[in-house]
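First the structure, in the form of structure tokens, and then the observations on it.
The first chain written gets the first letter, and so on, giving A, B, C and D; residue counts start at 1 in each chain.
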Amino acid sequence: MIATVMFYLLGAVALGATGLAIIQRNPVYAVIYLVKSIFALALIFYLLGAPLVAALQVIVYAGAIMVLFLFVIMMLEVTPTNASTRSAPGWVQWAPVLLLALTLVTLTLVLIGLDPVTSEGIPRWHATPRDFGYALFKEYALAVKIISFQLSFAAVGAFHVGMTERRRAQLEDQS
Amino acid sequence: MIVPLEHLLILATLLFAMGLGCVLVRRNLIMILIGVEIMINAVGLVLIGASAFWQQVDGQIMVLILMAITAAEVAIGLALVVYLHQQKKSIDVGIFDEMRG
Amino acid sequence: MDILLTLILLLPLAGGVINACFGKRLPRPVPVFIACGSVIGSFLAALGSFTLATGDGYRLVLFTWLKSGHFQADVGLLFDPLAAIMTLMVTGVASLIHLYAAGYMEEDTDQVRFFTLLNLFVFAMLTIVLADNLLLLFLGWEGVGFCSYGLIGFWYRKTENADAGRKAFIVTRIGDLFFAVALLWLFALFGTISIEGINAQVAGLDMTTVTLLSLLLLVGACGKSAQLPLMSWLPDAMAGPTPVSALIHAATMVTAGVYLLCRMFPLVSLSPTAMAAIALVGIATALYAATCALAQNEIKRVLAYSTMSQVGYMFLAVGLGSVSAAMFHLITHAFFKALLFMAAGCVINLAGHENDIRRMGGMRQRSPLVFWLFIAGLLCLAGAPLTSGFFSKDLILATAFARGDIFHQGLYALGVMTALLTSFYCFRLAYLVFGGDYRGDELPHEPNGLMVWPLLPLALLGLGAGLLNLPHLFAGGSWLSAWLGREQDVLHLAIATEYLLIGTAVAVFVLGWLLAALRYRQYVQRPASLSGDFLLNGWRADDLFDLLLVRPFKKIGRFCSQGVEIGLIEGVLGGTVRGCNDLGMRLRGLGAGKVSLYLQGLVWGFVVIVGWFLLRALI
Amino acid sequence: MAIDFPLLSLLLFMPLAGALVCLVLGMGNSTAPRWVALLTAAGVFVVSLLLCLLQTPTAGWLFYEDYRWIEQFGVRYTLGLDGLSSVLILLTAFLQLLAVLVSWRQERAPGVFFALLLVLEMAAIGVLLALDLILFYLFWELMLIPMFFLIGVWGYQRRFQAAVKFFLYTLIGSLCLLLAVISLYLLHGDQTGTYTFALEALKQTELSTTQELIFFFCFMAAFVVKVPLFPFHSWLPDAHAEGPAAGSVDLAGLLLKTGVYGMIRFAFPLFPVAAQKTLPVLAGLALVGLFYAAWVAYQQVDIKRIVAFSSISHMGFVILGLAAWNQTAWEGSLLLMVNHAITTAGLFVVVAMIEQRTGSRSLDQLGGLWKSHPNMSAFFLLFCMASLGLPGLANFAGEILILIGVFTVKPLWAVIAVGGILFSATYTLRLVQGTLWGNNCEPHDKQDLHSREWLVLIPLAVLVVALGCYPQPVLDLLREPLSALLLVGGMP
């Protein structure tokens, strides 16, 4: 019972925080709101029986990814004044997108409503760390390896792309 | 039963729509990336929900993988943002239209 | 005989074609010989084949011109009494005029073109006369229009001349259109365009159709014969060389309308309304032209208006139902008017190429021979007793009088009135040109022999042609009426009435003479008066036409070319082009590297596809 | 008569071969291409004359060739020649011969120029012979390309705009045609199971009235633009005014004819019911165009544009004759078309000569040419008189037959059309007056006609007179084919 109430509460928080995040002029605020939304989502994950994922959500998303965002924002000194000349989109820009989003939502709702099978509800259940570990390192072992490669590629790529001109020139001088 | 699956799906849809709106409307590259994050989160929510619904861990593993991919994506993406900012001294998407037809 | 008949047509054509193709390469007098020779040959051929024309006439089909479906038009000749007498007149007068022209155009550098057109004109005129079907007649009809266009504008370096030619062509063409419609209608009704065929079948038609057809033919005839309301080209046509005026605007082309109505008389005469209309047009033109002639200052324009007036008499005669009176006047008029024009040409030469009668005078001293020739013509025109013009005009007026009812009495009265005016302007011309002393300062330019001696036979013919149809009163046998097979045209009036009519005619002639003598015996320089000006400009008919027809036409033209062509059509095209351009620019804006737009498009596409499947699922 | 030798293919591919030779020899040699072109055109003319002389006035195909071509789509290479096509092919060959002579002194890339002329001739002949709709469409589009380049490369200042306008106009029409051809093909295939583009087979397709109307409009879109009928004419004056002399001759003599040919060979027989229903519309447009073009022509200053508009006016007459739908009117229409081609070609040729000598085409600057160039002026006068419909000259014979045919069906149309004759006189006389009469032009080239020009003008002049006085041979050739085509449509 309390889980249900919590779900709706957390859902509302997630929605509200996300909504606030996307309309912020200053990206820093947006990131902060997003972190709030991520926390709410992490709790929902926990409610839905995924404590490990919930923890990772907090650690990786809020702790790593969002902080990376903050770093970049601060590094680039992106403030509303110099971020762009017309940073906050007005109604004119929002209207078609809102329409689009609404259509999308309506369509999804209709799709959901059409399927009678799903009206059962989510049972109370949680994955044991053992199950989780088994699946991850047995069935999905290959995926984990690929993902690790990918992460290292991404690191190299980010390093390469993010290099400054000066540094690039230096490197070329050396070679 | 915690909650009907529909409600979860609705929540995810709304989140996804918001992320999408953010991507489409905002002109700030960082905000666009933030929009992408929101959408990925929404997808993650659905995966977790499905995982709970069928009581299988696969969904959760998907989310894990998703997170890793996201991290990679954000790393590359932000690096690109930094690079573009070096080139143009701006991160407004309107400026990056060299591929205009 | 067939060959002779063919030669009538063929000789002038051959002459024209040879001159057109090779005239420039031939030594100088040869083209003139060819031209004159061909027309004289044609005259001789006409004389030789004259006997063929008895009764219903002689038909000769040369070849089929057009044949399609039920429609067939032959190049065929119909040589009946009417055509025969007309052929003789045309070829005869044309021969004399050609000889005269040989003298008149002696010094012109462009002789060949002149004689080519003159020959072709004679050919076209003879085609009108001899055609056995309406389409061939139409060929001649348009042919004379073209030749007169070329001849009026012969001295093309002056734009006014070319303009006059164009005016003549277009105004007569307006009439031609009506003729063309009549032709089409007649074919639709009878399935044939043969003149004999049509005339044989007209009896069965209902009255409205007959009236309409006759009126169409009337308007067609009006165009060629310069009758109201299509008369305004004739005075301007005097811009052409004098032989042209003599040939086209006196003897032949202007009478084509009368001839057409006589040709189609069995049809036309069926409708009393049409007959009355013809008579009214005739008398109105006669009166109108006579008033205009009073005030003209150029010798040839006086004659032009007199021509119009006399042709009006012929129309009146047709309207009265007397073909022989019309033809009689046509023939006598051809003689004396050709004479007058050619003599006028001599006078103009004598006055040193001066057209204006106010700057003439005393011409009698310069050349008595020309004086007497001109006077002979004028007497005929004025209707001096015992001249041909007297008899022919009198026959028309008497016919009108003999009909007895009030309408025809009125026509008679107007006819007499016109005769008075005619006599008056004739003697005005005579006094101004020949009386008194020379008022100009040009040296005379002697006409050569070729220009004078063809006038002699014409003068004799003019004075004596009355014999052709001498009425009973003068112990004549009305030969022309008999030849044309129209005994019904011969009048049988009480002797007293006849004397009364003749007395009136003589009185009118004398009265006109006296009035003219009173006014013009002594030349007085008169200031231009308002009424004189009005008459001089032909009742300002040109201005009226300009206002009613020419300007609206030009306006419509300008509207079409500026408004519709450039404004509307080009506008629509330009608009489409601009629209496409704009659309292109906009579409280009869509692809302007804006990722969010691409994404939005992607999602919309997704939405549409999902929506479509949903719709399919739901329905 | 059965002749195994593929004469029609010979006729069709002779110009193409000539064009290739022209192209090859034209590289670095400026005199060879014109001789090749002249010989080829002369050859085609001789063959087509032969075909005409071999004709007997019968309804069927005198020559017929049918080969497999693209079998999976039922496209065949089918050519057929009857009196109708033979007359028009003879006309095409004759005018093309003159076009080559007219552009004899072509300095700019003569090899390509003459090659294009010959390709154009091939395409026009192909259009007149093809009996398979795809083959027809192929030639129909093929006509566009050489014409586009002839105008766009060898024209005057605004040539490119004119060429593009011409191209777009006709292309849009043609695309409608293609659409209709393919749908008709599919429809016929669905009905009978045999998929074919053969004209005779497609005539049997059962169509509802609405379908017929739609197809008919699509077909007519292509033909009406080509003719051109009144509101679709605006490419023609530009194309004439900006195109070279040979281009104008070909436009007036070849391209315009194919539009009418398409109507009577394809559009009317394929969709008789729709044709009957739309005849009044066609007649109305034709009448409006007849007057409209005459009025606009009167306002023009450029003599080439005057002739172009007179062309539109005359084609209005032709279409009016078609709309009357009877033997006399149709024979008149076809005859007028032939005569108009000859007359207008003559006019364009002389206009080009005038421009060569005076450097101007403006009525304001011309005048008094008779004085300096009497022979040229005489020809011009002759063609002008033929154009205004003087009896005894070419155009009149056609016009009067049309009028008679129309009058028997719809008197009012004919009466209105007669009025058009008057206006044709007004602008033609203005044209004559502004160029020949008067006194205000000093041409820099005093040379009257030289021998090559005589060679071009004399045949035209002879034909103008001959066809005016004795058009019977042409009418005899046209009679049977036309009455057969009329029967297909059924009398209204």
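Operating definition for what follows: a contact is a pair of C-beta atoms (placed from the backbone, for glycine too) under 8 Å apart; a residue touches a chain by one contact, two chains touch by 3 or more.
Chains and their UniProt names: B = NADH-quinone oxidoreductase subunit K; C = NADH-quinone oxidoreductase subunit L; D = NADH-quinone oxidoreductase subunit M.
Keep in mind that this is a model prediction, so the values were computed, not measured.
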#### Entry: Centrality ranking, top chain (CA atoms only)
D
### Query
Pick the pair with more C-beta contacts: C-D or B-C?
C-D
## Note on the structure
Taking each chain's mean CA coordinate, chain A and chain D are separated, in whole Å, by 72
### Message
Using Cα averages as centroids, what's the distance between chain C and chain D in whole Å?
### Response
38
### Summary
Between chain B and chain D, the Cα-mean centres are separated in Å by 67
### Task
Could you grab the centroid distance between chain B and chain C? Build each centroid from C-alpha atoms only and quote it in angstrom.
96
### Summary
Contacts with two or more other chains occur in chain B at residues 20, 24-25, 27, 94
## Note on the structure
Note: chain D residues in touch with at least two other chains are none
### Summary
Multi-chain contacts in chain C, i.e. residues touching at least two other chains, fall at 600, 603
#### Entry: All chain pairs that touch each other
A-B, A-C, B-C, C-D
### Query
In their complex, what parts of chain C are in touch with chain D?
20, 24, 63-71, 113, 135, 138-139, 141-143, 146, 149, 153, 156-159, 161-163, 166, 169-170, 173-174, 177, 180-181, 184-185, 187-188, 553-554, 556-558, 560-562, 564-565, 569-570, 573
### Query
chain C touches which residues of chain B in the complex?
20, 23-25, 27, 32, 93-94, 96-101
### Residues of chain B defined as touching chain A within the complex
1-11, 13-22, 24-28, 30-31, 33-35, 37-38, 41, 44-45, 48-49, 51-53, 55, 57-58, 60-61, 63-65, 67-76, 78-83, 85-86, 90-92, 94
### Query
If you look only at chain C, which of its residues touch chain B in the complex?
588, 591-596, 599-600, 603
### Task
Name, in rising order, each residue of chain C that touches chain A in their complex.
600, 603-604, 607, 610-611, 614, 617-618
